[in-house]
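Paired with subunit B in one complex and with subunit C in the other, subunit A is shared by the two complexes that follow.
Right after this comes the complex of A and B.
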């Protein structure tokens, strides 16, 4: 078996280790891939392919959300092993800024979306919760964000989204804005000026890629 | 004003464990996650100390809304329930909280899978605690020859979330460590506030009976069901 075949086999096994039983299996195969001198970009792609397989299983109800998130956790641990090891052909830098609106303490949904974005190779700047409009605008400015994600879980806090979107679009019209949260729906999100509404974590990547493609 | 501190015994915690696992997918949950969940539940069961308050208010006037001495419940659906009760109908406001121990513990969790499971466990627990209070209210009512309806909370049905302020002030919920921010969001996070009708005759216990909405995720009555609940 030559080196290329060996590397290919390692990547295939790495991809299959995403979601496999055993907390350390994925990390062991990332370590193996690094020792085989497989380019970081290829290792990341294998991890993303593994997550994508599980996401489709989640969509078909063949896999539960808790186990999907466990897989995301292990992929993020694997990606941490690669941090600082950039090489030519690394994932494109598509900064995403994300946060929960002012007055709203609920951040689980936002945390999940942020984790999924990271697992798919996006650079995420998490502003946390209880974030005012100025902080969202500043976050977009400082990071050159192409995507802004805004979350709200209460009917009393979601109305702030309209002002945030207006303020961000006024200064950075090229930034795409995605919103999510229990009290929202597609119609309301569009009326606020959002570019996309995310109903669940399952579809966030597809919807993000779709609005980036509209440029 | 009444404080209720339930005794949470072994059967309660076993039921909590079962209901949490069921909410998370039951048998579809992997063995490794079950172990993690069990460990988190073992810890939560030592940290969680539910506290509850309730108080009864007579109804001063009943039109499209329910008007009490504490303020008005601005829900046409709930008012319809009250108008169907016997004339001795009163409103009991209640608040139940798991306390800050839960929030402190969950804030330390970094793994998304654990955050998700612990959050579910907290939601299940506060609902179970509120059910215990509901049972207590029913016992109290039956001692007076009365009945109670199911709890009705601000932010659901046609009762705007701003109704939290009414309940918060009516009970002085700060005495059990519950606060309300400028957006009517309660803290600690696992806190439930609600109103319950009490009367000699409570023929309809939930407004779902009169609701024509066919996609409500919080419906508490099967579609097409007629008669009392």
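Right after this comes the complex of A and C.
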């Protein structure tokens, strides 16, 4: 087996280790890939391909949220091992600001989306939960956000999205706004002025790329 | 629904009927319920049925005069009596006034009096937030179970010391007495994994289900003991059935295998306790891709209330064909539609749903989840009217 074949096998195994049981398997394969001097870009791509597969298994009966969360944890650990490497910053610099509306304590959905964005190499600024409109506007301003993600999980809090979108768009009309959460759907999201509605983690990357492409 | 010895049957029947309550279906032999439902169904083409007759007919999978409706107007009913969220959530007499006002104002056949999803967790000691303008919820910055060791520290509580659950046990007899034979009051209990979620936070709980399942299940055993006592007390309070919320048996929670291993056995025990009291078992799950078959296997529910299609059905036709004979389907007008649509649009959506799901009985029209608490009630009225008009 020549070096190229060996490197390809390592990357295939690394990709397959995303979502495999055991927290350390993925880190061991990242370590092995680094020792094989595989370019960081290729290692990162293998990890992203692994996450890609996981995302599409997410809304299925044999792969639950616990498996997904732990898989994303291990991917982010793997990516941490790459930070500081020479070409680790070669991913697109697309700052994304994300948060949960004021009065809403539910941040699981937001955290999952933030984790996926990070795994794909986006720079994520997480404002947390219970975030007021001014803080969203400030978050966009300070970080030059190209994307703002807003989450609400309660019908009592979701209408706050409308004001946030209005306030952000008034000052930063070029910022694309994505919303998500259990009480929403596409029609309601559009009526609030959002650029996109994300129903689940399955489609978030494709939808993000699609609205960035509309620039 | 189990059979009862004749003397026991007669004494409980007389007692409940004399107290003006709908007797629990489990008091009656199956043949008697089927016979009553067949008679009602035959009469339905000639004269309107009473609410209870309509329900019995539907529950036995016979066609009533029109589908029953459960508008699931819970916190939203507080507005009819000018109560705030904290008042509704913490004062059982105010909650009873509000829910009865909702029943009188809207109609429908079923009331599900739940206050919010934190009732059980609050009584275990979880600190709470009671906002003026929104539903109460746990203070997630101060979870009761802060680490894995916390599962083992969870202690059984006595129902008499459980303020919020006790409030509901005050509320239920008031509702049962006031509603009488005009409808059914169905109790509510969050499943043990849901209760644990309120005390640990979803992200930690999900990870713990993989990394520390024994600790999670030990805590669930403690919770389940209390919940069994709680649902038995609800049944004794005169409710027709109890609804178990099992959100995590869906794509939004655990995989099917993990749910069956971790929560399934516990909710089976709770469902058995309800059935032993002769009451109906209802399941509510507003997740995506609900595992209907697993829930039927573990809880043998009479009713499943849902917001989205189950994981193994691609459309309503398949849902009706696969599960229509096994369980009464209750749903599933989506929350966003209620939030932005006109009453006319809501009625048209209900009409389609009734067309697809009501054939042969076994369907109750309802929202997929609680009616939005801050929304005007026009669309709840539309829902009830659609059941009457198109059902």
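Here is the rule we use: the second predicted complex is superposed on the first by the 207 of 215 C-alpha atoms of A that agree within 3 Å, B and C clash if a C-alpha of one lies under 4 Å from a C-alpha of the other, contacts with A are read in each partner's own complex, and residues count from 1 in each chain.
Definition applied: a contact is a pair of C-beta atoms (placed from the backbone, for glycine too) under 8 Å apart; a residue touches a chain by one contact, two chains touch by 3 or more.
Because the structure is predicted, anything quoted here is derived from the model rather than measured.
K.L.:
Putting subunit B and subunit C on the same copy of subunit A, do they fit or clash?
P.N.:
Subunit B and subunit C clash in the superposed model.
K.L.:
Just checking: does A:191 make contact with subunit B only, subunit C only, both, or neither of them? Give me first, second, both or neither.
P.N.:
Second partner only.
K.L.:
Mind working out whether A:151 is in touch with subunit B, subunit C, both or neither, as first, second, both or neither?
P.N.:
The answer is neither, since A:151 touches no partner chain.
K.L.:
Just to be sure I read the superposition right, which of the two partners does A:64 touch: subunit B = first, subunit C = second, or both, or neither?
P.N.:
both
K.L.:
Which chain, subunit B or subunit C, is in touch with more residues of subunit A?
P.N.:
C
K.L.:
Classify the contacts of A:175 with the two partner chains as first (subunit B alone), second (subunit C alone), both, or neither.
P.N.:
In the superposition, A:175 touches no partner, neither subunit B nor subunit C.
K.L.:
Let me test your reading of the model: by the given contact rule, A:72 touches which partner, first (subunit B), second (subunit C), both or neither?
P.N.:
Only subunit B is touched by A:72; subunit C is not.
K.L.:
So, does A:108 touch the first partner subunit B, the second partner subunit C, both, or neither?
P.N.:
both
K.L.:
Which subunit A residues lie in the overlap of the subunit B contact set and the subunit C contact set?
P.N.:
Residues common to the subunit A contacts of subunit C and of subunit B are 63-67, 69-70, 73, 103, 105-106, 108, 111, 154-157, listed in rising order.
K.L.:
Quick one: which bits of subunit A touch subunit B in the complex? Just the residue numbers, please.
P.N.:
21-23, 63-67, 69-70, 72-73, 102-106, 108, 111-112, 115, 154-157
K.L.:
Spell out the residues on subunit A that touch subunit C in their complex, using ranges where they run on.
P.N.:
58-67, 69-70, 73, 103, 105-106, 108, 111, 154-159, 182-185, 187-188, 191, 200
K.L.:
If you look only at subunit B, which of its residues touch subunit A in the complex?
P.N.:
Touch list, subunit B to subunit A: 24-25, 28-33, 111-113, 115-117, 119, 155, 160-162, 181-185, 187, 189.
K.L.:
Could you pull out which subunit C residues touch subunit A in their complex?
P.N.:
Per the touch definition, subunit C meets subunit A at residues 129, 131, 133-135, 137-140, 202-203, 206-207, 209-211, 251-259, 286, 288-289, 291, 311-312, 334-337, 339-340, 369, 372-375.
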